[in-house]
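To keep things simple, chains are lettered A, B, C and D as they appear, and every chain counts its residues starting from 1.
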Amino acid sequence: MPLTPEQQAEIDKHRAETQPTRRATVPALEEILYQPVPVLDHGFVRVIDYMGDDAAVVQAARVSYGRGTKRVSEDRGLIQYLMRHRHTTPFEMAEIKFHVKLPIFVARQWIRHRTANVNEYSARYSILDKEFYIPAPEQLAAQSTVNRQGRGDLLEGKEAARVLELLRGDAERVYAHYAEMLNESEEGAARDPKRQGLARELARMNLSLNFYTQWYWKTDLFNLMNFLALRADAHAQYEIRVYADAMLGMMERWVPITAEAFHQYRVGGAHISEKGMVVVKRLLAGETVGHAGSGLSKREWTELMEILGRAS
Amino acid sequence: MPLTPEQQAEIDKHRAETQPTRRATVPALEEILYQPVPVLDHGFVRVIDYMGDDAAVVQAARVSYGRGTKRVSEDRGLIQYLMRHRHTTPFEMAEIKFHVKLPIFVARQWIRHRTANVNEYSARYSILDKEFYIPAPEQLAAQSTVNRQGRGDLLEGKEAARVLELLRGDAERVYAHYAEMLNESEEGAARDPKRQGLARELARMNLSLNFYTQWYWKTDLFNLMNFLALRADAHAQYEIRVYADAMLGMMERWVPITAEAFHQYRVGGAHISEKGMVVVKRLLAGETVGHAGSGLSKREWTELMEILGRAS
Amino acid sequence: MPLTPEQQAEIDKHRAETQPTRRATVPALEEILYQPVPVLDHGFVRVIDYMGDDAAVVQAARVSYGRGTKRVSEDRGLIQYLMRHRHTTPFEMAEIKFHVKLPIFVARQWIRHRTANVNEYSARYSILDKEFYIPAPEQLAAQSTVNRQGRGDLLEGKEAARVLELLRGDAERVYAHYAEMLNESEEGAARDPKRQGLARELARMNLSLNFYTQWYWKTDLFNLMNFLALRADAHAQYEIRVYADAMLGMMERWVPITAEAFHQYRVGGAHISEKGMVVVKRLLAGETVGHAGSGLSKREWTELMEILGRAS
Amino acid sequence: MPLTPEQQAEIDKHRAETQPTRRATVPALEEILYQPVPVLDHGFVRVIDYMGDDAAVVQAARVSYGRGTKRVSEDRGLIQYLMRHRHTTPFEMAEIKFHVKLPIFVARQWIRHRTANVNEYSARYSILDKEFYIPAPEQLAAQSTVNRQGRGDLLEGKEAARVLELLRGDAERVYAHYAEMLNESEEGAARDPKRQGLARELARMNLSLNFYTQWYWKTDLFNLMNFLALRADAHAQYEIRVYADAMLGMMERWVPITAEAFHQYRVGGAHISEKGMVVVKRLLAGETVGHAGSGLSKREWTELMEILGRAS
């Protein structure tokens, strides 16, 4: 369970209070506000604030004086048009803030998305908890033999057991030594009064990359979609994809019309290259086209046939 | 009056509705939400949405689970510490969205602040209203003779009258010709059925830079402060400063503790150069220091004496 | 001609000097360095500095110690892979700086691309030249009747003549009044010694949006491609597209392999929506599909048939 | 030594080649181009490309046609003016690219500066080398007792020895297990043919935060100064400060006039709060002021007295 009872109590208290507001409000998102969705073995993601809704996108596109909404069907049409033609600025007018607890190696991938605001828990200032990620057996994959940055078959039997034993043993040991070097008890006193204790900003370097950190992460709807398009994708590493999947569900509660257009025109669609379109047109004209005469590399040919749902 | 009765009615309707929310809410800002504050002769600025409050800054700095607030005095202390030591990221965790109506030449200064989200009313798509800025007599200043980018004495008498006549006459004429070239009646029909009408994206180029445009402008609290520090400053051009002043008042309603620290540590303080500090220390030691022995340029010396409230 | 003889002499002098460098150098771009390419009636664009080349993209993707280049064919393969899979960061490792002279209404569109560095000539500080844009007859288009933000047929005969007369007359007049209000002679003295002259920061507001301004604009290769994808596109307004077209030519000299991949995978390709792909697959399976059974809106159907080169 | 002989040979080869260029060139920076400066026990930083020089800042501020340089003394004056008045955009017109090898925990601090372009070596794609950071004895500091995020006295004797033994032992062990889990020999074959080997993207999580990574990091001069102001400061953690110090030396070679102004007006100066300035003025007026009557908190009073070089 990723939360202590004290933390859950703080959240519950927070969830119990409501105030009246004149701002755009989304009941479906309010319902889960502050509530963590568990991810991986000790992580979570939760929405802690938001600004705007689908209508805010419409309002911004029209620079209107009121709520912007004419009829839902018109708003849907406009949002789909904006998504289809890659108009980005109206989607920047809605904002969302998450609290995320995640392994450090995942945080390092995540932070590459620079168009967001981040406040991370400081291991220079505070002591990290003893919480580390150990993959579930169904995630313990071998190196892919075809893709240098992918996973292949599952490890099984002795090899799997050995890997889990190494990961767990090392994490336990580096944390024990981290605590020993710090020499601080929970109350802040010295564990061993004869030692000074290593500076927190140094001791943290002994922890491994599967330890959990946490941060507040705030972004606008446009950049959230960029993040999700990349990280909720099948090519993303599983350990970040599960966060993106949870956040996609939150986005669907928040801005359902935008989420639908996102699936329809961005994630669900396909981008076909100039030469690829030549192949498509020849096929549509009834021509038989094979890789040989396509002008495509083997890899592109395979990708195109996959997109078209044809055997390559 | 910057609004039509229809626009004011839309705003009033919008203001009349409230919903319950679990989010942080700021009653002092809710009070004026959506309500335009008039600026210049036809412009306005109004807050149309916001996310977070002073406590959000504190929460982010602590990456906390609950509302973050311990006691107001502790929050104030932390916010002052963050401002004093130029910690920026916690202030990025609160967000605000404005609707602004402003002359185009002001918009061109404003847009240089790139870390914001903008949706501007499109004169490629729509027809601009006949609204242009004419300076009030007390703003009709001569070119400064000491500062290449500042104002000097007020123009008076005939020269002032002539300037106003030129500005007004030209604005009236370019708009009349804009409308003639467009050849569209209010209902969208042709004014003169024998003419086609010039494309809107071309006709707009005939308008002068004092015509009003409008946009939605959204930014975080940190970048808002950067904007205000520059534009609510005495060196800013009057026509953008009046917008910044109005927004500073809104910021004081929204995040009073941050606004106080902003005044105390950022806007109200002074930055003194390395050589300037040498002078200050010599003065404090009782030495008599004049420009000659200061190592400062004439301009720096004058600026320093001004900061120190001494005759130069 | 967009340049004065003095400006051309400065450029020629600058072009005549070379220094040895250890940095990556692109002879084809050096050839045109500093040299303005004329755009519109008084505008231009010229490259004034650059950093990196195609190999810099490759080096960055590999984080290598040397020049990164193995063989051109390998580099081409990697760059195409990066473009196809939308890897953005290696393309951010090359940088280019332009000097652009352009009408103010074009500058206002351009500046929406925020991920660039800009220094604009200041009309608060200096006096603008008497240079304004008048469309060539073959650009004097009527408002489109099908697209609210596009152009339709050319204006002809009397209407065209009247539009040109209005544009030209108004530009001449607003500039004459601008100069009168400023009351400055070329040497900086007062034209009329009895008048003070209006502050430059105020007088500029009388100029119309077709007057020329100029700026330095610096961006990385990735963001340059974002700009060009949008602005060298057929849907962009002609007056900005001509700048983008000129810059695309410069990009082809600078990074020919990236430019080729840009055409092949980004600009030349097509993005087809999820429902659109269903239609494509049904067509490939030999089914007859019409708009009625397609699940697409009329507009999307037309767009899809256009992409596929079929009558809609 | 942070480089293999092969890497040094690549660099030497690269350094041996020069081409003629029309671009601004800085001989003092060319001299050290590509050459790594060692930092910490296995790290380095080296400049791998640059664009512009001091004159580029001047040119941009003037939007000029030629090299911008009038006389060095005028350029210096303008750059000091820009720095003093916090004009940022001209400094954005020069760009620099570094190749940095650094411990992961340092990389995690560094990456918070978002206005830069980054390409990091991928441990998802490749295998990390066995290189980890162990603090030198003179850096093995205890936790500060007065500053929650700082260092206090040096650890000595047994405690120091034990810390080093733990850090070294754990790093050796986690790497050995990383290699075992990967099951890859240097040639890419399996070390143990009976095992599949864990996916690289998973195995990396066993490494600790003191392992070295590397990246290309590119930024403009303005954002470089923001980075250096924060990270070359006495409050920065030693392990990142040594990188910033090395980069500051490179900046001094690259843009000596800007570097001088940076020291004089930004780093070397002091920012005094509104209440602090009241104290300074009272002191200058000959008044005796103590903490009691100052209106400052104890902490602010101490900081102010420090800035003024007076006993608190």
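One rule holds for everything that comes next: a residue touches a chain if its C-beta (ideal position, glycine included) is under 8 Å from a C-beta of that chain, and two chains touch if they have at least 3 such contacts.
Everything numeric here is computed off the predicted structure, so don't read it as measured data.
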Co-neighbours of chain D and chain C - touch as defined: A, B
Residue-number overlap at the chain A/chain B interface, same or different (half cut): same
Between chain D and chain B, distance of the C-alpha-averaged centres to the nearest whole Å: 34
Chain B and chain C, separation of their C-alpha mean positions in angstrom: 29
Chain D residues counted as touching two or more neighbouring chains: 89, 112, 118
Sites on chain C touched by chain A in the complex: 77, 84, 89, 112, 263-265, 268-277, 280-281, 283-284, 297, 300, 307-310
Footprint of chain B on chain A - complex, ascending: 3, 7, 10-11, 13-15, 17-25, 27, 30, 33-34, 49-52, 56, 59-61, 63-67, 89-90, 92-93, 95, 97, 99, 117-121, 214-216, 218, 220
Residue ranges of chain A in contact with chain D within the complex: 103-105, 107-108, 111-112, 114-115, 118, 122, 124-125, 133, 135, 139-144, 148-153, 155, 159, 163, 166-167, 170, 173-174, 177, 180-182, 184, 195-202, 204-210, 237
